[in-house]
Amino acid sequence: MNIDHSILTILILVPLAGAILLALLPDKGKLMQWGALAVTLITFLLTLHLPFHYDYGAASGTFQFATDVPWIASPAIRYHLGVDGLSMWLVVLTGILAPLGVLVSWRAIDTRKKTFYIFFLLQQVAMIGVFVSLDLFLYYGFWEFSLIPMTILIATFGRTENRRRAAIKFFLYAFIPSAILLVGILWLYAQTGTFDLPRLTQLAAAHSISGNSAALWLCSLSFLVAFAVKVPVFPLHGWLSDAISEAPTAAVMVLAGKLGLYSILRFSFGIFPEQSHRIAPLMLALGAIGIVYGALLALVQKDLKRLSAYATLSAVAFIIFGIFSFTVSGLDGGIFHIVSESLTGAAFFMLLGILYERYGTYDMRELGGIASKLPWMVTMFVIMTLSLVGLPMLNGFVGEFLILSGGMQSVFAYHVAWTVLATSGVILSASYMLWMIQRVFYGNLGVKPENVKSWDLDAREHLAMWPLVILFLAMGVASPIWLRAIDAAGTRIAATQTSSVQPQAQMTTASANSEAK
Amino acid sequence: MAAQVPTAYYLVLGAILFSIGVGSFLIKRNIITIFISIELMLNAVNLTFVAFAHQWHQISGQIFVFFVMVVAAAEAAVGLAIIIAIFRTRQTLNVDQIDLMKL
Amino acid sequence: MQLALFIIFGALAVAGALNLLLQRHPINSALSLVVVMMSLAVLYWSLGAEFLAAAQVIVYSGAIMVLFVFVIMLLNAGEEERTKGSRAAYIVGIPGAAAIFCLLSFVFLSEQKALGVANLGGHLDNGLNNIAEISQVLFTKQLLPFEVTSILILVAILGAVVLARKEEQ
Amino acid sequence: MNPNITALLPEYILTIVGVLIMLAEPMLPQGASRKPLGWLAILGTLGAGFAGWYQLHLGTITAFSNSIQVDAFSVFFHLLICAIVLVTLLISLDYFEGNASHSGEYFALIVFSAVGMMLMTCATELLVVFVGLEISSIATYIMCGFRKGSAAGAESSIKYFLLGSFATAFFLYGIALAFGATGSTSIAAIAQGLDTTTTPRMAFLALAMILIGLGFKVSAAPFHVWTPDVYQGAPSPVVGYMSTAPKAAAFAVLLRITFSAFGSMEHRWAILLWVLAALSMTIGNLGALLQRDVKRMLAYSSIAHAGYILVAFTALRSDGIAAACFYTASYAAMQIGAFAVITQVTGYNEQIRTTDDYTGLGLRRPILAAFLALFLISLIGIPFTGGFFGKFYVFSAAIHANHVWLAVIGLLNSGVACFYYLRLLVALYSRPVTETAQTTEGRNLSVPAGVGLTLAAAATLVLGILPGHFLNLAQRASASTIPASAPVSCIEYPGNCPAATAAMPPRQ
Amino acid sequence: MSPQTSMIPTCYLWLIPLLPFVGFLINGILGRKLPRAAVTAVALIFTAIPAGIVAWLWSVMTVSNAPEAIHAVSRPWIAISGFQVNFDFTVDHLTLIMLSVITGVGFLIHLYSAGYMAHEEGYWRFFAYLNLFMFFMSVLVLSSSFLLLFVGWEGVGLASYLLIGFYFKKDSAANAGKKAFIVNRIGDFGFLLAMFLIVAHFGNLNFTDVFASISQHPEWHGGFLTAIALLLVVGATGKSAQIPLYIWLPDAMEGPTPVSALIHAATMVTAGIYMVARCHTLFDRSPYALAVVAIIGAATAIVAASIGMVQHDIKRVLAYSTVSQLGYMFLACGVGAYAAGIFHLLTHAFFKALLFLAAGSVIHALSGEQDMRNMGGLRKRIPITFWTMTSGVFAIAGIWPFAGFFSKDAILYQTFISDNHLGKLLWLVGVVTAGMTSFYMFRLWFKTFFGEERFEEAPQDAHGHDSHASHNSHSHGVHESPWVMLLPLVILGILSLVGGWEHVAFGNFLDPVFGTVAEGTTAASHGLELTLVAISLLVVAIGFFFAWLFYYKKPGTAGAFALKVKPLYSLVENKFWVDEIYGFFVTGLLMFTRMILAGLVETGLVNGSGALTGATTRGLSTVTRRVQSGNIRSYAGWLALGAAAVLVFMIFGRSLWVH
């Protein structure tokens, strides 16, 4: 039989079943680890089904592997799944990160493994669900649901006594805007009587969602703000550094970026093309500022986790900058960069986790001179750094280049200035990463490395790192493999040029005001 | 004819009694007295019922009053039992001292 | 006649109510409530509710109030001391009560015309006397509530038993 | 069959069972366990439930000279109340073991109060409503004080009793005024009378008074003040019961009175309820925000949930009523579930009260913690739980009636709410800070309690994941209460129309 | 392209970069396990073969009717709708010259390193990095599009970062590496922006297409072309260590000497010049940009030279001289004499590599001593080194008939006759710089090889050359280097002697690339050329004289003279305080970040807003709970009030609420 129509459902169900299975198994020995590893690997292999059976020639805007059955008659809610170039690679990404997460947690999580792996798998369920669901209700379901496992993971396995605060902070930051998002969704439903995304997109294209432009504008903001907080975009990132510095490695790997960015691309741009164009100049600015801001703050951190947090902020700001340039290049680059940045970030956090396993600290002042003791470690760190600072031939560069050149081509106010500012990020990123490398690995031995007995990467950690390294190279050299599908999506979004693009100066002011209120 | 009284007056009388009932509920400290003031409120309502029954020539109003009486009796039984219980645990009938649970 | 009855017993009722309010000792309050009930009984009668008037005297002031007095005696509740337990009661409560009164009487008086007048022994729909009428309705139209009341009583009894009996252990 | 029998079948069954229990109670020897009576009550409830299910297929029945109308609406609440009673009985079977205090009477009281509530839901005659209300109220007053000797119990009982009677007086006054305005006390007659009434102002007063009385029963702000104290002092299973069943009944009455009796004055009470809803949500959540005592916290949150349900009243009839019914049900499921867990955790002599005492429960009693976590998640309103779908449905209805800002307020409130729920949830799964908790913790989970919990949990999940059938029921209920004349508000889109729903039953 | 393309097996082009990369992979992954011999073998073979291929390319490209360029087209690297970049390589004469420098000199230096690094730990690492560098450098020159060029551009930056920081245990080394990479990044910042502008205006990054469309629009002048050109210049100044971004190069001397020779003298630093030359079509359209290039070049040349005159560290002298020589090349490009620039690049590659290697040999001989004040009289101790070095010194000083003479004079002459308004002034600067050059080079020469021996014999505690540990193995006093080190020296020595003559041989070799620049004028004024030559030779002689006077005839006069012009001297000795000024800016930025961003914005605005909301809610909550006084009567009070409110609302509500 043809698996294509059920594959997405299967992808959601496998980790769920895995979680239930783990709940039933006894928590003894390495059973939990092996179980989780098996489940995640199976999921990953299943996700690989998508790129191999994806119809790259399909008309853009069509969803593949689709499932569409009524779920609830009234309100009209459907169980509608499907992927396109935008979401396909994100699903695969989610698939591959999971087993790596299990591998790095192997030894790091030694107590209450059961709780950990159950919620870890639930987290994966939620994320895959977000990426594949095309019904606003279903999507919102997964979107909200994804908060719970993450919160509990942070609260339970956080690093310091601050964990509970961090967890609640994370949850509140994500939940309250989402509540407003729900209002937006419901309003849309009241206007159109459907939750179905493709349908809504058609309506939006026909300008027939609602005559009330002010309400529509507020609605679009309710969407955008909720997503922007989750990304997070520059001034809304209050939760990020706490959450990242508390959360266990496996959780951090999937904490920021993906979900919010995907949602912006899929829903904000899909349902509110005009409004998105209207707000774009502001977002462009926020993106550029965020890049520099994150990089500068990363530059002055002493704690590796916090440094990585601000690095993440800077990285996602790149993507925001790209997608809101509304140029093919920017959008393609942005989408591509979501994938590559997640991989790089994952590598970063995994390495930090491994380092923490060795020395039990993230404080750079206690580290130093490790390079001579852990050669493989430093090699991996340098490779990751190069990918993060966007060295050509590694994954980071393709995205960055496309994004920034997209910014240069965009039509919005002051785009040149913002592009210049954004590009200066490449200097700063190099600065903080290299400085970190130097402080951690070069120079004289720090306090910890001197006193703590440590060991270089073991087989398991090699197993976890090498796939990423290879992916870095592959994505850096053979980007078309990924861009082929992504380009279709990016081109479509860029093509939704709205008739009502006002003169740019007005647009910025307008969006600024509306943001203010 | 002078002998007639507007129904409204009965209603106002009811309102007066009702409000006095509310007021004494607010003012009295002794639980029993408070309970008594509730009875007063019920009586006010009864008066209103009767007045309306008279105005509409509807017996159901009076029936209602009848039921109110029954209910009042039942409430009295239970209420006084509760009061006894509280007196057992607290040795007081002053409501101002019955505020274990607050905030 | 009607007017006289209304004025006298209305005044009496109000006086009783106020006395209830002002008396410090619960027993006095209880007795002043009896006064109110009695005068109300008269008013009922004047409004053509003979049965209710009787029931008021027998059931209410007879049974219920006796129960009250009994409990007061049982717990020998003395003078209530003027504790300052609650400012809210005075600050928000009394104005609230006053407002309620004003609103009610405002509405009643403003709609006085529509409400019409009451006269002595107000005749009811059919010639039957009041008691017969009540009983008829009670056992046909309002049978269900009447029956259900038994459950109510049952519950009350249960409650009294449960609550009043001492905990044995 | 004689409608007078079929119409009140569940009530009959429960009454008989109650009487049987009362008769059997003295027979049992002094020290003996009263569990058998509990089982008897459970059987009776099941019977009543089946009777209700049976009624569902009889269509609308009116009996006792139109003082009773058994339609989809009342059957919906019959079933709901039966379910609540069932779970309550299950979780409180062992509650009194070892503390022999009239557990027999307890079961009887629950059953009788259930009868009262059921009567409230199917009554079309305010007199019946009043009597039913009194039955349930008095029963609950008593149950609040059931933990004899505990000062808190007596206090909560007296508070509930005094304030309850106070509110009842208002309710009565309302009925009196309604009678004065329309010359009748039956809902249908009032509805007609209002069109011809010569004293509209008095009608307004009547409605206001009735709303005050019922507002108290459903603990909507500003008539909520009693809730926290009473819930805190009462025994946990009783709280679980009284925070769900009487509310459900009261909401049923409120729905009938507002939509059927005073439907023509919707423009008046809709906006009033708008305000009450906003107030209740805000005050409830704010009150709970810094609350350390778990029961008290849940009490406050129940105020907020009452607010959420009131939101549905502001919506257009067709989806408003259905939403209210649905939310009431899902709220009942999660609330009683939460209190079931609390009952199991704290036991009879509730030593475990504060959030800190619950810290680390996930380690000590994983299963209970998991249940509690589920109910909390549902209370927060996380998708795939009844709580979420209820909120979703309610606010969707409100927004459909263009009450967008009410929805904004409400959802912001749910944002505030998630803070305190989450604090407890997080506490469950983090290491204990105080060691006091474990010592006084109750025994391990007994089978009936486990069944009760499972029922509640299952309901919570089913209402969240496959609400199809149940929604259908709720929508039929709402359809049955709408007078034919009433404007049906699903012109805009067919999806929401009860008729359409019946046409295409949801598929899984 | 031209029909001949088919005849030429382009796959060989791929081998040029790929082989070194393979070498890098082998050494990088397995190196730690492999024996040194194997590592060396891998490194050398995988650099030797490309050199062979390049030689073969010469034979192909220089025959008559050879194609102007060989293209190797391949699958796309980045492809989105409306924009595509392939892995395309192109070899034309310019590339050919660069390639020969890279592979040739590169191979020699590999050879040299085999001896020089023989006793290092991380030997394998060194060669892996070196091969990596070869890979990226050849990509840089082979690429046929800006983006691919940028790949090499960044890559060589990376390699130099890794190699400078080779002794990462030394903080100075780690710092230098970081500094080099970041300063280069500042250049790349410009380069990137230039590319974005190009994409925005041409929608394409291929050299051929971009330049073709420029030549199709003769009306384009200045404007965005200037913007692009200037941004490219920023990139070039970063890579080629020109003002204002030259500061990283002197610190880069922390790396092993062969690295300095290969990367920081011969090849990488010339990438900027190569890029400007490559984009000459662009620059020719923007006189303004050209002028900027010329001025930067001249300024850098003289400033660096002046600093070089007072340095004591032998490698730093060479470093500054490199900067100054690069300045010459920039100057050449700036006046449109690309051919001359490239020619100087070639010769400079020879003699500067030689000088570094020789210096390395000296250092090797003195077991790690780098300070010239502790040298002297080495002439007899290490003769071969001395003679080869001499050839290098004469070459760079520009003494006939050494290579430097031809190339430098070509530049000065072109500058003089250029139609640039500043031409004469720039020429003057160039000539003065020539004098300085000869001064500091002979200063180095004298101080190192003549006079009495100022070094202490046979340091037991020898801390290895470049002061890295583990060199105690052969610290047996001053000694001549092994043959693997001397052979490259000799070859390069010969090249720096004869390297200039090929200019005479095929002077128009680059015309296919640059077109015939200023051909007429050269023919016209032969007399002028001779006078200029005379002048520059004279200046060089003066420079030699002073060096001889100060450091050979009567040493010490230098110190006395320095005291006379104390302020000027200290200014120069402290490199015009440039590093300090930059450092001030950087610390300022960090301070700003800590104070304003981290302090104000992050805690105040970002977290503060959230905290404020929380506090407000808590406050409200406290107020709400105050109502719950626990007193029944007050509860009744609230109920009464609420009831009153509801009643009011119901009766008068209509007027309160607009329907």
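Letters are used for the chains, namely A, B, C, D and E, taken in the order the chains are written, and counting of residues starts over at 1 for each.
Everything that follows uses one rule, which is that a contact is a pair of C-beta atoms (placed from the backbone, for glycine too) under 8 Å apart; a residue touches a chain by one contact, two chains touch by 3 or more.
All values derive from a computational prediction rather than experimental measurement.
S.K.: Strictly by the touch rule at the top, which chains does chain A share as contacts with chain D?
M.R.: Correct list: E.
S.K.: Using the touch definition from the top, list the chains contacting both chain B and chain E.
M.R.: Of all the chains present, those in contact with both chain B and chain E are C, D.
S.K.: State the chain with the largest centre-to-centre distance from chain E, centres being mean CA positions.
M.R.: When every chain centre is compared against chain E, the largest gap points to C.
S.K.: Which chain has the mean of its C-alpha atoms lying nearest to the mean of all protein C-alpha atoms shown?
M.R.: When every chain is reduced to its C-alpha mean, the one closest to the whole-protein mean is A.
S.K.: If you average the CA atoms of chain B and of chain C, how many Å lie between those two points?
M.R.: Chain centres of chain B and chain C, defined by C-alpha means, are spaced 6 Å apart.
S.K.: So, what's the distance in Å between the C-alpha centres of chain D and chain B?
M.R.: Taking the mean C-alpha position of each chain, the two centres sit 27 Å apart.
S.K.: Mind checking the centre-to-centre distance between chain C and chain E? Centres are C-alpha means, answer in whole Å.
M.R.: Comparing mean C-alpha positions, chain E is 102 Å from chain C.
S.K.: Quick one: report the Å distance separating chain A from chain B, using the average Cα coordinate of each chain.
M.R.: 65
S.K.: Which positions in chain B touch two or more other chains at once?
M.R.: Correct list: 11, 18, 21-22, 25-27, 29, 34-35, 51, 53, 55, 58, 60, 63, 67, 71, 74-75, 78, 82-83, 85, 88, 95-96, 98-102.
S.K.: Specify, in ascending order, the residues of chain D that touch 2 or more different other chains.
M.R.: In chain D, 127, 131, 134, 138, 141-142, 145, 148-149, 157-159, 162, 166, 180, 201, 205, 228-229 touch at least two other chains.
S.K.: Which positions in chain A are in touch with at least two other chains?
M.R.: Nothing qualifies.
S.K.: With touch defined as at the top, which chains are paired up in contact here?
M.R.: A-D, A-E, B-C, B-D, B-E, C-D, C-E, D-E
S.K.: Help me check something: in the complex, which residues belonging to chain E touch chain A?
M.R.: Chain E residues touching chain A: 32, 75-83, 147, 150-151, 154-155, 158, 161, 165, 168-169, 171, 174-175, 177-178, 181-182, 185-186, 188-189, 192-193, 195-197, 199-200, 589-590, 593-594, 597-598, 601-602, 605-607, 609-610.
S.K.: Would you tell me which residues of chain D are touching chain E in their complex?
M.R.: 158-159, 162-163, 166-167, 170, 201, 204-205, 207-209, 211-212, 215-216, 221-223, 225-226, 228-229, 267-269, 271-272, 275, 283, 286-287, 289-291, 416
S.K.: Sort out for me which residues of chain B touch chain E in the complex.
M.R.: Spelled out, the residues of chain B in touch with chain E are 22, 25-27, 29, 34, 95-96, 98-103.
S.K.: Which stretch or stretches of chain C touch chain E in the complex?
M.R.: Its residues touching chain E are 85-97, 99-100, 103-104, 107.
S.K.: Could you please specify the touching residues of chain B with respect to chain C in the complex?
M.R.: 1-13, 15-24, 26-30, 32-33, 35-37, 39-40, 43, 46-47, 50-51, 53-55, 57-60, 62-63, 65-67, 69-78, 80-85, 87-88, 93-97, 99
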